[in-house]
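Below, chain A partners chain B and then partners chain C, in two separate complexes.
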Partner chain A sequence: METHLSSKTKQIIISPDHPFVIIGERINPTRRKSLMESLAKSDFSIALEDARKQIAAGAHVLDVNAGVPGADEPKLLEGLARALAQTVDAPLCFDSANPAALTAALAAYEGKALINSTTGEEKMLNAVLPLAAKYRAAVIGVVTDDSGVPATPDARLAVARKIVQRAADHGMPREDIVIDCLALTVSADSLAGRVTLNTMRLVQQELGVNLSLGASNVSFGLPDRVAINAAYLALGIARGMCAAITDPTVPELATTIRACDLLMGRDEYAMRWIKAFRARKK
Partner chain B sequence: MALLDDLRQGVIDGNAPGTTSLVKQALSEGTPAEKILNDGLISAMAEVGRLFEAGEYFVPEMLVAARAMKGGLELLRPALAAANVQAIGKVVIGTVQGDLHDIGKNLVAIMLEGAGFEIVDLGSDVSPQKFVDAVAAHKPQLVGMSALLTTTMPKMKTTLEALNAAGVRGNVKVMIGGAPVTEKYAMDIGADFYAPDASSAATRAKAAVQGR
Partner chain C sequence: METHLSSKTKQIIISPDHPFVIIGERINPTRRKSLMESLAKSDFSIALEDARKQIAAGAHVLDVNAGVPGADEPKLLEGLARALAQTVDAPLCFDSANPAALTAALAAYEGKALINSTTGEEKMLNAVLPLAAKYRAAVIGVVTDDSGVPATPDARLAVARKIVQRAADHGMPREDIVIDCLALTVSADSLAGRVTLNTMRLVQQELGVNLSLGASNVSFGLPDRVAINAAYLALGIARGMCAAITDPTVPELATTIRACDLLMGRDEYAMRWIKAFRARKK
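Showing the complex of A and B:
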C-alpha cells in the first residue's frame, strides 16, 4: 500500500517498499521559545531555517505546527504553509487540532498534504475526515478515542479499524490513512513501548495500512534519550512502520533510519548508506 | 532520629516495603505521626524534588519514590487524623480538556502531596465544568491546571472563565504549567501563578496558601 504525498514539485511515497519517510518535527513552538516568539510576530525566518536544516539532514516531509498562544492559528498556519511552499520542495504535514486552521492551510496548499491528526474521537473524526476528503489530503490516525488511550493492543486495533472505516465512509482511499499506534513514555509505564509495538503488528496484519509514529515521546523523562529513540525506531521499522515524526537533525536518529532501510532491503547496493557516510566524513 | 533518617532515605530510594515497615516501627515506638510525616515523608519528597530539578533524578525514580511515600502516608493517615493534623491545604488538579498528557500533572500532584497538601486529582481531559464542579464540591485553596499542547493550552483560559462565571474563582488561587505554558501566558489569562516544574509547583503552592 502506498500513501502519496506531494508538494507542487515533489512527490513522496510512504510504503514498506520505499525508503523510510522522515517527517521533521522541529517546526513546532512547544518548548521552543525563539520559534514561538518569532511566529507570534508572523516572522517565519526561524521556521524556514528549521525547514532547510531538517531537509539537509534527511527530512522528506515537514510537520508544521503553528500553535502559538494568543495568535490567530488559521492565519499563522496558512502563512507558514505558503512561506514553506515557496522555500522548500518537501511536502507538508499540517499539525493542528483546530479545523479552521487546517482548512486555511489545506486550501492554500498546492499539493497533497498530510494532516496530523485525527483520533478515533467522534468530534475529531467529524471535523477532520471531511476536510481530508475535500482537499484530498492524507491523514494520520492516532489510536485514542473518546474514552482515552486504550491500554491493550487489541483495543488500539479496534480504534484503528474505526478510523479506517470512517475514512472509507467519507470516500477516502484506504492508503490515505496512516495509523499512529501511539508511543507513550516508558518513564511512566515500562510496558508502554511494548504495547505500541504489538499494536503495530496487529494493525499491519489486519488493516494493512501504513504506519507512522510520533517517535520522540517514548523517552521523555529519561536520560540518554537519543539511544532509546533510535532503538525504538528500529523496533518499529521491524514491525512495518514506514514513517515517523522525529528530528532528523539528531545524527544518531537519521543514521539509524538509514541503517534500517539498508537492512530491510530498501537501499539497493547500499548506495544511500555510503553516500550519507561520505557526506558525514566531510 | 536515626529511624526517621532511614525512613527518609527509604522514600528517596523508592523502597516501598522498607518505607512501610519503618513507618510501622516509628508509630509503634510512639513517634508522633506529624513528626514522621514532616521529618520522614515530606522531607524526603522535598529532597526528591530537588534531585529532579537538578537533573540528577529521572521520572521513574520520582514515581517509585512517590509510591513509597504514598504507602507510608496510607499507614500514617489514621494516626494523623487521631492527632488532628491538618493538611496544609487542598488542591484540585487536572489536565485540561482535550489533552491526555498526565505525567507532568501527576508529578506535580506527587510533589504537592509530598509537601503536605490534600490532592483531588481530576485526571486528564478535564472539562471546564468538571473543574467548576470540583471546586464547588471540594472547596480547595488551590486549582492546578496542566496542558502539554499548544492546541489545548487555550482551554486554561476557558476554564478560568468558567470558574469566574460560576462565581468560585475568588475563593481559589489558580496555578498553571506544562510544556507550552509561560509565566507571561499565566499573567495574560489571569492565573495567579505559573510553575515551570513539579518541585517549584510545590514550593509556590505552599507560599500561596501561606500568604507569602
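Showing the complex of A and C:
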C-alpha cells in the first residue's frame, strides 16, 4: 500500500517498499522558546532555517506546528505553510488539533498534505476526517479513543479499525490513513514499548495500512535518550513502520534509519548509505 | 521456549522472555594475530583477558574458537575451555567444525555448553548432533545445507525444520536447537538483510525455536560497520532473535542491545539501562 504526499513540485511515497520517510519534527514551538517567540511575531525566519536544516539532514516531509499560546493559529499556520512552500519542496504535515487552523492551511496548500492527527475520539473523527476528505489530504490516526489509551494490542487494533472505517465512510481511500500505534514512555511502564511494537505487527497484518510513529516520547525521563530513540526506530521498522515523526538533525537517528533501509533491502548497492557516510566525513 | 546453558556455577537462559543473550565473539584467532600467536604457544593469557573484558562489557556466554593453523585443535580447545572455566563463570560456546575438538572440549566441560555450529549438511548433522546429544549440549543450527545457502525464507525454513527434526531423532529436546538464519553481507546483495529478517519471523512462527545470529558479517565491505551492525541487532530483536554472537566491547552494540531489552519490556523500571548508563559515565 502506498500513501502519496506531495508539495507543488515533489512527491513522497510512504510504503514498506520505499525508503523510510522521515517527518521532521522541529517546527514545533512547544519547548522551543526562540521558535515560539519568533512565531508569535509572525517571523518565520527560524522556522524556515529549521526546515532547511532538517531537509539537509534527510527529512522528506516537514511537520508544521503553529501552536503559539495567544496567537491566531489559523492565520499563523496558513502563513507558515505558505512561507515553507516557497522555501522548500518537501511536502508538509499540518500538526494541529484546531479544525480552523487545519482548514486554513489545507485550503492554502498546493499539494497533498498529511494531517497530524486524528484519534479514534468522536470529536476528532468528526472534525478531521471531513477536512481530509474535502482537501484530499492523508491523515495520521493515533490509536486512542474516548476511553483513553487502550492497554492491549488488540484494543489498539480496534481503534485503528474504527479510524479506517470512519475514513472510508467519508470516501477516503485506505492508503490515506497512516496509523500511529502510540509510543508511551517506558520509564512509566516497562511494557509500553512492547505493546506498541506488537500493535504495529497486528495493525499491519489485519488492516494493511501504513504505519508511522511519533517516536521521541518513548525515552522521556531516561538518560541517553538518543540511543533509546534510535533503537526504537529500528525495532519499529522491523515491525513494518515506514515513517516517523522524529528529528533528523540528530545524527544517530538519521544514521540508524539509513542503516535500516540498507538492511531492509531498500538501498540498492548501498548507494545512499555510502553517500551519507561520505557527506558525514566532510 | 527456553534454551538453558550453564557453567559449573552459572545458568543462562536464551528466550524471548529473558534479556537478550550476548555471546562474546572475540576469542577467535581468525584475523587476530596476537591471539593467534599466543594460542599457538598454548599461552591463554590474551584469551583470558578477552574473556574478562567481554564479560565486563555485558557478554553472557563466550564463544571459544581455537582454530590455529597447524595446532592440535582438540588439545587447544580443551585446554582453553579448562582455563576459561577456571577464570570466568559465563557458560561457553564451542566454536569448531572439528568433531574431535568438540568432543575433547565437551568431555572436559562441567556445564551445559552451546555448540557453534551445525548446518543442514549431512556431514555436519551426522558429526555434531550425536555429540550434542551425548554431552547434552545445545547447538546453533545455521540454515545452509548441501546445496549451499538457500535464497528464500521458505527454503531456509525447510533447512531449519530439517535440523530440528534430525536433532529430535537423536533425542535432543527442541529447546536445545537455536537457529541462526544466516546474515550474508548486504554489500554483495541488497536483499541479504531482508531475507534473513523474514526468515527469522517464519522460523519463529513455524518452529517456535529460539533464534541467534552471527551478526557481524552483514556489514562486511561497507563503511561505518558498527552503525550497520547495531541497527541489524535491533531489527533482528524485533523479529524474535534472542541471542547473537557479537562483540560487546564495542559500546554502540552493547548499548543498542540494552536499549532493545528496555523497549521490548525486558528491563523493569529501566534498572539495567540506568545502571549501564551510570557505569559508562564513570
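Following the convention adopted for this analysis, the second predicted complex is superposed on the first by the 282 of 282 C-alpha atoms of A that agree within 3 Å, B and C clash if a C-alpha of one lies under 4 Å from a C-alpha of the other, contacts with A are read in each partner's own complex, and residues count from 1 in each chain.
Criterion: a contact is a pair of C-beta atoms (placed from the backbone, for glycine too) under 8 Å apart; a residue touches a chain by one contact, two chains touch by 3 or more.
Values in this document were obtained by computation on a predicted structure and should not be read as measured data.
Asks: Which of the two partners, first being chain B and second being chain C, lies in contact with A:T3: first, second, both, or neither?
Replies: A:T3 sits against neither chain B nor chain C.
Asks: Under the stated touch criterion, name the partner, chain B or chain C, that contacts more residues in chain A.
Replies: C
Asks: A:L222 in the overlay: touching chain B, chain C, both, or neither? Say first, second, both or neither.
Replies: Both partners, chain B and chain C.
Asks: With both complexes superposed on chain A, which partner does A:L197 reach: first (chain B), second (chain C), both or neither?
Replies: Touch status of A:L197: second partner only.
Asks: Identify the partner contact of A:T255: answer first if only chain B is touched, second if only chain C is, both if each is, neither if none is.
Replies: In the superposed model, A:T255 contacts chain C only, not chain B.
Asks: Looking at the overlay, what does A:A231 touch: chain B (first), chain C (second), both, or neither?
Replies: Only chain C is touched by A:A231; chain B is not.
Asks: Which partner chains sit in contact with A:S187 here, chain B, chain C, both or neither? Use first/second/both/neither.
Replies: both
Asks: Which residues form the common part of the chain A surface touched by chain B and by chain C?
Replies: 187, 190, 222-223
Asks: Can you name the residues of chain C that touch chain A in the complex?
Replies: Residues 186-187, 190-195, 197, 218, 222-224, 227-228, 230-232, 234-239, 255-256, 259-260, 262-265, 267-270, 273-274, 277 of chain C touch chain A in their complex.
Asks: Residues of chain A touching chain B in their complex?
Replies: The contact residues of chain A facing chain B are 28-31, 36, 65, 67-70, 96-98, 144, 148-149, 185, 187-188, 190, 220-223.
Asks: Spell out the part of chain B that touches chain A in their complex, as residue ranges.
Replies: Answer in residue numbers: 58-60, 63, 98, 100, 103, 106, 124-125, 148-154, 179-180, 182, 185, 188.
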